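Below, chain A partners chain B and then partners chain C, in two separate complexes.
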Partner chain A sequence: MINQINKTISAVVEIARGMATIMKHFFREPITLEYPEKKPELGERYRGRLALLTNPDGSDICLGCMTCQKVCPCVDLIQIEKEGKEVKEFTIDIGRCIFCGNCTEACPKGALVMTKEFELADYSRNTLVYDKKALTLSPEESEKWKSRT
Partner chain B sequence: MIENLIKKDMLINVGPQHPSTHGVLRLIMTLEGEIIRDTKPVIGYLHRGKEKLAESRSYTQYLPMVDRVDYLSSFFYQAAYCYAVEEIAGLKVPKRAEYIRLITMEFNRIASHLLWLGSFLLDLGATSPLFYVFREREEIVTLFEELTGQRMMYNFYTFGGVKKDFPDGWIAKALDLCKKMPALFDEYEAIITKNPIFLERTKDIGVMTPKLGIDYGITGPNIRASGVDLDLRKSSPYSVYGELDVKPCLAQSGDSYDRYIVRIAEMRESIRLIEEAIEKIPGGIPERLRVKKVNCGCNQDECQHCGFDMQLVGKKVNPIVFKPPVGEATSMIESPRGITLCYIVSNGTNKPYRVKWRTPSFSSVQVLPELVKDKNYSDLMPIFGSLDVVLPEVDR
Partner chain C sequence: MFDLSFTLNDIFAFIWPVIPFIGVAALLVFVVIFLVLMERKVLAWLTIRKGPNRVGPGGWLQTFADAIKLLFKEDIMSSETNKILFTLAPIVVFAPVMVIYGLMPFTEHLVAINLAVGLFLVFALSSLTTVGIVLAGWSSNNKYSLLGGMRSAAQAISYEIPLVIAVLSIAVLAGSLNMIDIVKAQGGGIFTWNMWPAFIGFIVLFICCIAEVNRIPFDLPEAESELVSGYNTEYSGMKFALFFLAEYAAMFIISVLIVTLFLGGYTSPLGFYLTQIPALIHIEQAFWLVAKVYTIIFTIIWIRATLPRLRADQLMAFSWKFLLPMALGNLVIVSVIKFLGQL
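Moving on to the complex of A and B:
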């Protein structure tokens, strides 16, 4: 009987202690962000959508050496078509990309970068296949990304 | 007539979609009334062929896929894979890279245990701790994002070291977090440890004797809760754990409650290890090391500022033509769930001939039928939740 009473008292005390700890949280600042209105600050190394850089005069840095294609874990994700020395077509299927960053590290010229863009939802899979025009950044933007690394 | 019906065994199906399984696991259970007589786990719903995929990809191409074997403790799996490849290829890892690996791995262990704590209590019906642990995990994950570029699939280690150094100010932030964490663990313990409802549901439930655990190959916190002193960080140190003072966290009875106690103790231990490692890291703070490197510039191997041990990668390998010599290697890592083993056979080409993963959760699922036998159905979740099973790791 006394045991039972002791047990009950200690249970009540412990639950009260737990509740007091939970109550403390009422007076703390919320840590969540109201996402679509407020966006998180992303780190300098964030791995988002892939993009191609250009020289200040607008020409491609990419030589079409296919190194990115060979280190990519998703087979045939990056497709490059060359015409002579010029890179004619450069397509990346962002829908299948796993954002591992292997290609940007392997690129000998530093032509491929990962931007901070992460809102990539779209209505169909076909629109997620980015061609060279969609991937290439303007010379001004390229300068910004070059200075990052 | 009703008695006859009750006495009859009933076959029920738990899962494949169940909130407490971290994935999809199906349990076919035979119940007699409310007593569990027999359990058959059905696994394979998350099978992605991770071992087979390795055979058609080069060593570097397989590296990001290793992260996906267990998404809650990616660093450990990458480390296991990298150690095995380094052993075959004979690559040496600089000390600084090893320390960076150790610090990130210990942070990852805390993040993984925190998520376990939240989901375990959610299984028992307590919802608020889930939000508290996610709040703390968020801070660790933000640190990882700053360091590696992503929140879950880090792809940060490479053969012979790590890819990048700590960014400026990272170490100060990490130390701040280490100072803050123990007070937060105290908070969890105030809510959970002596809560009478929690005690009723976990104390003396799902007792795993040391013999049962050893027979089934259980490792990690689950076996340490039974009193078996098996911690690879202490018994066969792999990274630079030999230079640090690792204290294994043990408990005696091996019930669900002890598994909780061991994991909380391990999180505190990890915090201590991180603080010790940050103190001992060769080269210290990256900003200062950079200046010292420029000032010294001697490029000798034994130099304190620009020697081999201060590098991030020992010897850079070409990702396309990297071909380890013929041979095989095994590496073992103490991951948050137990011993992770990676076995690689190389046949001299740039693709591995065979990659085998030994994952600790696989053993934990096997021991579940023994633990829940002749128990009440309501004890299933306290037992299964306490084992910390992550299903992608079982099926891989």
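Moving on to the complex of A and C:
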């Protein structure tokens, strides 16, 4: 009998504590982020889509040294075509990229950066293969990224 | 010669019998539409979410959108079901709930069917709902539905006994089974409420009522994680809407019942009415009732946000080993209080 009463009292106390905790939540701001209207705040080192930086005069920083291709864990993800000393074509298949960031760390010139762009959904795999034109940032944007690192 | 000149009273006498039925039906639908939204919103706020916020301003039209969707949905009936019982079940669930609305005193005069044994009829009718749920479970020809129906029957039988014994203490206190008399007996403000002498009964009735309307933590008949959706798994379209309507209508009416029996019904908790004009007193009575009812409903939603579902054996043991002795003890205490009060 005493045991029963003790159990009842402790159960009531515990339920009351639980309900008090839930009541505290009632006055909290919802943690829901309404995504398409409100974008999440991304961290400083967020690893989004890869991009190529340019010099202030618009010329490439990339030398075409192929280091990024060597460190990339996804086989032949990055493809570089050279014509003499000039980098003619630079393609990255974003559809297969695992966003590891190895290439940005390995690049001796710091030409590759990971932007904060993450809305990369597309209708076909082919459109996810970004060529040099799509990857290269404008000189102004490049300055912003350079000053950040 | 016929006298063709109608007085206002004649017209009123002609319309009066029809008004309660229209009123009850309108009230029921209005209440349910608001209640579904309120539950979703409050439950969201209690769990740090936002709840429906897309349809209409702040999501307040979400239930209308859901209702329209349910109206236009295809009414699917699988080939192996018992067609007659399958169609009958939602009606059997819904009809008693609607009648109970007519029995409840919303204000002093706003009670559609004022019976001397109103309280008795309320519990007789609320038991009928379970028959409909068992019918739905059995006629669906689906193991989940059947299990849900069986659980509902077991649960309703177990919880009806402490429920009725707890209500019996109210009959002892008020000396009547008429709902209006029960309310009038506790009309002298917050300290004359039946809640104080029959406090244990109030707790027992509250728990049993949550179990009767199959709400968390007693939602075994429609446990999503175990039985898909329980007895209404096979239902769609308007038939499902009827179940849904009945469930929320029952939740509202069970709150009205708790308020009427234990919390002074439509009377003011202050002991006097704020307004002195007779016409406004009715509005004030309705206001007090609605305020109390929504406090109870908020508590029910709050409990839903807090507690997990009981196991089937825990459910049974809780009713038979705990609630029933408590209800009987409460009846003894209340009887003694009543006896001493009459000395």
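Basically, the second predicted complex is superposed on the first by the 149 of 149 C-alpha atoms of A that agree within 3 Å, B and C clash if a C-alpha of one lies under 4 Å from a C-alpha of the other, contacts with A are read in each partner's own complex, and residues count from 1 in each chain.
Heads up, the rule we're going with is that a residue touches a chain if its C-beta (ideal position, glycine included) is under 8 Å from a C-beta of that chain, and two chains touch if they have at least 3 such contacts.
What you see is a predicted model; the values in this text were computed from it and never measured.
Which term applies to chain B and chain C once both are placed on chain A by superposition, clash or fit?
fit
Just checking: does A:14 make contact with chain B only, chain C only, both, or neither of them? Give me first, second, both or neither.
first
For A:84 in the superposed arrangement: first (chain B), second (chain C), both or neither?
The answer is neither, since A:84 touches no partner chain.
Once the structures are superposed on A, label A:102 by its partner contacts, choosing first (chain B), second (chain C), both or neither.
First partner only.
If you stack the two complexes on chain A, which partner ends up touching A:34: first (chain B), second (chain C), both, or neither?
A:34 contacts chain C only, not chain B.
If you stack the two complexes on chain A, which partner ends up touching A:45: first (chain B), second (chain C), both, or neither?
Only chain B; A:45 stays clear of chain C.
After the superposition, just quote the angle formed at chain A by chain B and chain C, using C-alpha centres and rounding to the nearest 10°.
70
I want to verify the contact counts: of chain B and chain C, which reaches more residues of chain A?
B
For A:23 in the superposed arrangement: first (chain B), second (chain C), both or neither?
It touches chain C, and chain B stays clear.
Touching A:72 in the superposition: chain B (first), chain C (second), both, neither?
Touch status of A:72: first partner only.
Nearest approach of chain B to chain C by C-alpha atoms in the superposition, in Å, rounded to an integer.
Scanning every C-alpha pair, the shortest chain B to chain C distance is 5 Å.
Quick check on my understanding: which residues of chain A belong to both its chain B contact set and its chain C contact set?
15, 18, 21-22, 25, 31
Which part of chain C faces chain A closely enough to touch in the complex?
44-50, 53, 302-303, 305-307, 322
Please give the residue numbers of chain A that touch chain B in the complex, ascending.
Checking each residue of chain A against chain B gives 7, 10-11, 14-15, 17-18, 21-22, 24-25, 31, 42-47, 67, 70-73, 75, 98-102, 105-106, 114.
Per the contact definition, I'd like the list of chain B residues that touch chain A in the complex.
Listed in rising order, the residues of chain B that touch chain A are 56-58, 60-65, 128, 132, 135, 138, 145-150, 153, 155, 163-164, 167, 187, 190-192, 194-196, 319-320.
Write out the stretch or stretches of chain A touching chain C in their complex.
Result: residues 8, 15, 18-19, 21-23, 25-26, 28-32, 34 of chain A touch chain C.
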